[in-house]
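Below: one structure, written as structure tokens.
Chain nomenclature is as follows: A, B, C and D, assigned in order of appearance, with residue numbering initiated at 1 for each chain independently.
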Amino acid sequence: MIIVIRPNSTQAEIDHVLERIRELGFKPHLSQGEHRTIIGVIGDESQLQAEPLAAIAGVEQVLPIMKPYKLASRDFNKKDTVVAVGKVRIGGGSMAMIAGPCAVENREILDEIAGHVKRAGANLLRGGAFKPRTSPYSFQGLGEEGLKILQDTGRKHDMPVVTEVMDPRQIPLVERYADMFQIGARNMQNFDLLKEVGQTTKPVLLKRGMSATVKDLLMSAEYILSEGNPHVVLCERGVRSFEESTRNMLDLSAVPNVKGLSHLPIIVDPSHATGRPDLIPSMACAAVAAGADGVHIEVHSCPEKALSDGPQALLPPRYAEVMECMRRLAEVMGKTF
Amino acid sequence: MIIVIRPNSTQAEIDHVLERIRELGFKPHLSQGEHRTIIGVIGDESQLQAEPLAAIAGVEQVLPIMKPYKLASRDFNKKDTVVAVGKVRIGGGSMAMIAGPCAVENREILDEIAGHVKRAGANLLRGGAFKPRTSPYSFQGLGEEGLKILQDTGRKHDMPVVTEVMDPRQIPLVERYADMFQIGARNMQNFDLLKEVGQTTKPVLLKRGMSATVKDLLMSAEYILSEGNPHVVLCERGVRSFEESTRNMLDLSAVPNVKGLSHLPIIVDPSHATGRPDLIPSMACAAVAAGADGVHIEVHSCPEKALSDGPQALLPPRYAEVMECMRRLAEVMGKTF
Amino acid sequence: MIIVIRPNSTQAEIDHVLERIRELGFKPHLSQGEHRTIIGVIGDESQLQAEPLAAIAGVEQVLPIMKPYKLASRDFNKKDTVVAVGKVRIGGGSMAMIAGPCAVENREILDEIAGHVKRAGANLLRGGAFKPRTSPYSFQGLGEEGLKILQDTGRKHDMPVVTEVMDPRQIPLVERYADMFQIGARNMQNFDLLKEVGQTTKPVLLKRGMSATVKDLLMSAEYILSEGNPHVVLCERGVRSFEESTRNMLDLSAVPNVKGLSHLPIIVDPSHATGRPDLIPSMACAAVAAGADGVHIEVHSCPEKALSDGPQALLPPRYAEVMECMRRLAEVMGKTF
Amino acid sequence: MIIVIRPNSTQAEIDHVLERIRELGFKPHLSQGEHRTIIGVIGDESQLQAEPLAAIAGVEQVLPIMKPYKLASRDFNKKDTVVAVGKVRIGGGSMAMIAGPCAVENREILDEIAGHVKRAGANLLRGGAFKPRTSPYSFQGLGEEGLKILQDTGRKHDMPVVTEVMDPRQIPLVERYADMFQIGARNMQNFDLLKEVGQTTKPVLLKRGMSATVKDLLMSAEYILSEGNPHVVLCERGVRSFEESTRNMLDLSAVPNVKGLSHLPIIVDPSHATGRPDLIPSMACAAVAAGADGVHIEVHSCPEKALSDGPQALLPPRYAEVMECMRRLAEVMGKTF
């Protein structure tokens, strides 16, 4: 950690900063230049995070040198983590191709969609039973009934299932039926929820919040990892921006960015990122070429009757085409699904 | 609702759109121009929200005409809502001047700070017992012990208290000790939490999410209102932006914007918005002139030893000066506190 | 164009709106529902753009139905435009692989870099002679001397050259030496500059502004096209965002988005978008898979001595590897370079 | 400047960094901790800006300590700069109240508007003769004829005039008629334009770009100052954000932020920031309370017939009311106009 002292600070102010650092058990290293005075703080920086050094009179800025996450960092684990969901492997060259409707609506429709995506090559089935909806008047999901349908359909089509958990109290229920928890973008900083899925042994798909930096995303992963659950898969799903023609802005650079900073796998969700079926195929292909460990796409056999997010769902034949293109790109990138 | 048809759509596609609208119980109103065909949908638009009309082949865009919130809207209540927290009135010319430390740390410090802010004119005491921290390694709050200290200190200094609730399971506990719930920015779309504070009768301070639009904020308020709790106060606290010299970007235009769209009071938190004690006083004054129904400021008597967010806390003497300036501005604006 | 009338407007207000529309030579089409009154405006909407209908009392919102650009729109030209720069074709399956240093520094270095990128497969040479620098104290480019070096080096290595023009007065000079004008992000809305390159016959590479929407970008292309120059190639180069770990946020969805709205080719610049050599290769590959008509990468043989933007330049061997990967991906996408 | 070395760098890499620093004429100061190695660079940091130290192998990050602007910085001039435009003083307690239509349309309308705003207390008249319009098909301004009308009207009503210059070639013409140049948001980084107004002696109103940070704004001011023109007034006019209900997001914190970093005056333009007449009055008042040195408001006597930006113009009676409120707030803030 480096502490930059304000120009024209008094010697007493500087001495007070040095004293505070020593009080906290660290060794200050003073460097007084012609224009500026800076103080290096030697010791385990992570111990200093909570300390409001920036609040001391005379301090202009505090520059952290080390990453604020540990277990999520590449330094902690040089090798790529591979997360297993049932027999599916995510990371290390194996891709998760997740598909399904936004919400579980009923047994027949889910069965139909699952058949289509399985044939196209999807290896994980998705579908929401608890839906975080902007409006209290929108369809909020089928709850446990939806979870049952999802589990049964996954088994029938031999695909592990992933579904969202929104509230810590839903964890035992969702754990019973799902093979992987999904933490949605709106809950990326619901810290109690993170801690409690961190106390289970089920894999977790953690979606990036709408205004989360890559660092924020890794800090949220750290919450899960620090509770003992190492099975975390990250998901880039677009962030808020001024561009009004897409639902969000897909930040594909997060893929190599995360891979440099962390050992955790990261997949991409072009459906929520763009909200537009005409853009999803290109962004799905781009995700593969960017090095993603999987692609998550919403598919519905009758989008105009979907109870949630119909307008962004791909029709099954279009999904099959996109999968074909992704398969050929994955081959170039040395990956398989 | 207006449906714009894609150029070059077939008559069959247009007929299918008309049929879907009728199926849903609405009356379509076709208007075919030289360049474009549009369809007006007559009826209670709120019933149509969940319907994915945009997913129908041939539909280019769906333009909603009505607001998606009802109970929160100015149409629902022409008169400004006044929320009572103990003997404090928020709205309708009365301002909430909320002050206190970021976190409750111990009885002595809180008592000292409370004395200072009370003398300066604050009428509500704040302090966190459950802290949503980006890092799992940061101080997470004192929990129930913190709530007790907060309640006792508020009573001693004759100020109602407001504190954050992060998890629906904490509601009964927080309800016992606090006079007002705070829903933090990270939980603005924690819909279960919103619903359950909506089932209590305690007033709720709902902070705007870091990437929430004003419409999103009002939709979240609608969740609380629709469960039966009308005592909602909104809070603008800055949003994420590209500007790197401030913690967030304070969107003061949200104040008159909300006042045009809604009857709910709205206060401003310049502490979290800027994260910089040198900017907080100006932004606090600007908030008063912008028409805010209150101002929320973090104050600490020893910021450099604060366990949370010390660098953004004002010292008590500076707070007293800002309060003096705000008082004179409030007078010009025809308000009191 | 659709005009939504405020609820509770008077009949006199509505009549006044109707009258204004007729005065402007258009036909209003009134539709009064139970909840809302809307007015459709029939006629050539583009004639109405300048008219401040939204300023009329009683008007709540004005919803345009048609695109504000014409010559740039897909409706104007169903077929993809192919732009020729010397013997290089951009669009319609042919890709522009543009490479070179940020700035032309001297003859020897440019020659060395040009040799490297040519061998790796680049088909267009770039290099700045006029540099838009944030600081007045930074290197501002060699001016005409730089243009001469660029032209000579391009000829020697048989590559057409592209270079930035920042000021309308530089156009005749740049036109003499370059095969393609570049309009930088900071000048995307320098309308005089756009008009005047529009009066030449040289192809123009138009970069997206840092906070420009896709619509803004197409409006700026319209300025060039409407002056008579049809040879416009667009370039996505990242936009400003809250993410602090990359220079900008690359919006790859702009590629299919533009392709749906316009017939113009669009290339991608991952160098300026990310500012990080560790992310550029993945984003270059992703651009190819997203359907871009070319990729623009800054390459320098000694980044640590570069006079401009050294930290974001790729070393020649790394560039050659990325080109190899892009070539194999382009093949999958049915494209060549 | 502080250079952070990557963990696991070799001694040879570190030696190479030290050597480069010495080659550039600076003194490195090595500090090797248990976890990290950092190098302080002693000397005039401004000389190092152009050097791509970050491009050297082994360097993780380069942390500048000093501000990249000099003449614009508060360190350069402790006292607030006061800019004179005719007899109007801007800064140091005197406020510029700038008003007028977006564009000069004709003599009669401008005369009428000028009369209104003068009576309300405005002290500077604005009006565009060269208009930067997003669409090539929109009204582009009257050019020299507009400048003449503006000058005559200003003289008649005894108000100095300010008008936009978009192209360096317009400078001599605009200089002849205007009392103050305006550089619009879209030209904030049109560096040739900045340099050339910097070579005149006329005051310059420099508007913040739509995605410019406060630092970027000060760097652009530095371009003008470094050419010898010290008469620079900054203007906050909103930045791009995800909020869709306002044209831009007004960043009022830029006012105290700039005042801490620079000695230059800064005014606020709530008209372009919000684009909404219902929000302008509150934001104008907030600007005064935030400490702005002036407020710029667009006023039109018949917004629905305005040739540019009619929907955001205030009617003269509303402007007079806002001026009255601002006057009382200015008094509280110890300012006059």
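What we mean here is this: contacts are C-beta pairs under 8 Å (C-beta built on N, C-alpha and C of every residue); 3 or more make two chains touch, one makes a residue touch a chain.
None of these values were measured; they are calculated from a predicted model.
Ranking every chain by how far its Cα centroid lies from the centroid of chain D, the top place goes to A. The interface with the greater number of C-beta contacts, when A-C is set against B-C, is A-C.
Computed centre separation for the pair chain A/chain C is 31 angstrom, with centres defined by C-alpha atoms. Between the Cα centres of chain A and chain B there is a gap of 26 Å. One inter-chain figure worth recording: chain B and chain C are separated by 38 Å, centre to centre, where each centre is the mean of the chain's CA atoms. Within chain B, contacts with two or more other chains are made by residues 211, 239-242, 244. Interface residues of chain A facing chain B in the complex, by the touch rule stated above, are 20, 46, 49-50, 52-57, 68-69, 132-139, 166-169, 186-187, 189-192, 195, 209-211, 216, 219, 222-223, 226, 239-240, 303-311, 313. Touching chain A in their complex are the following residues of chain D: 2, 4, 7, 29, 31, 33-36, 38, 40, 42-45, 63, 65-66, 75, 240-242, 244. Here chain C touches chain A in the complex through residues 211, 213-215, 239, 241-246, 249-253, 255-257, 260, 273-274, 278-279, 281-283, 285-291, 325, 328-329, 332-333, going by the rule given at the top.
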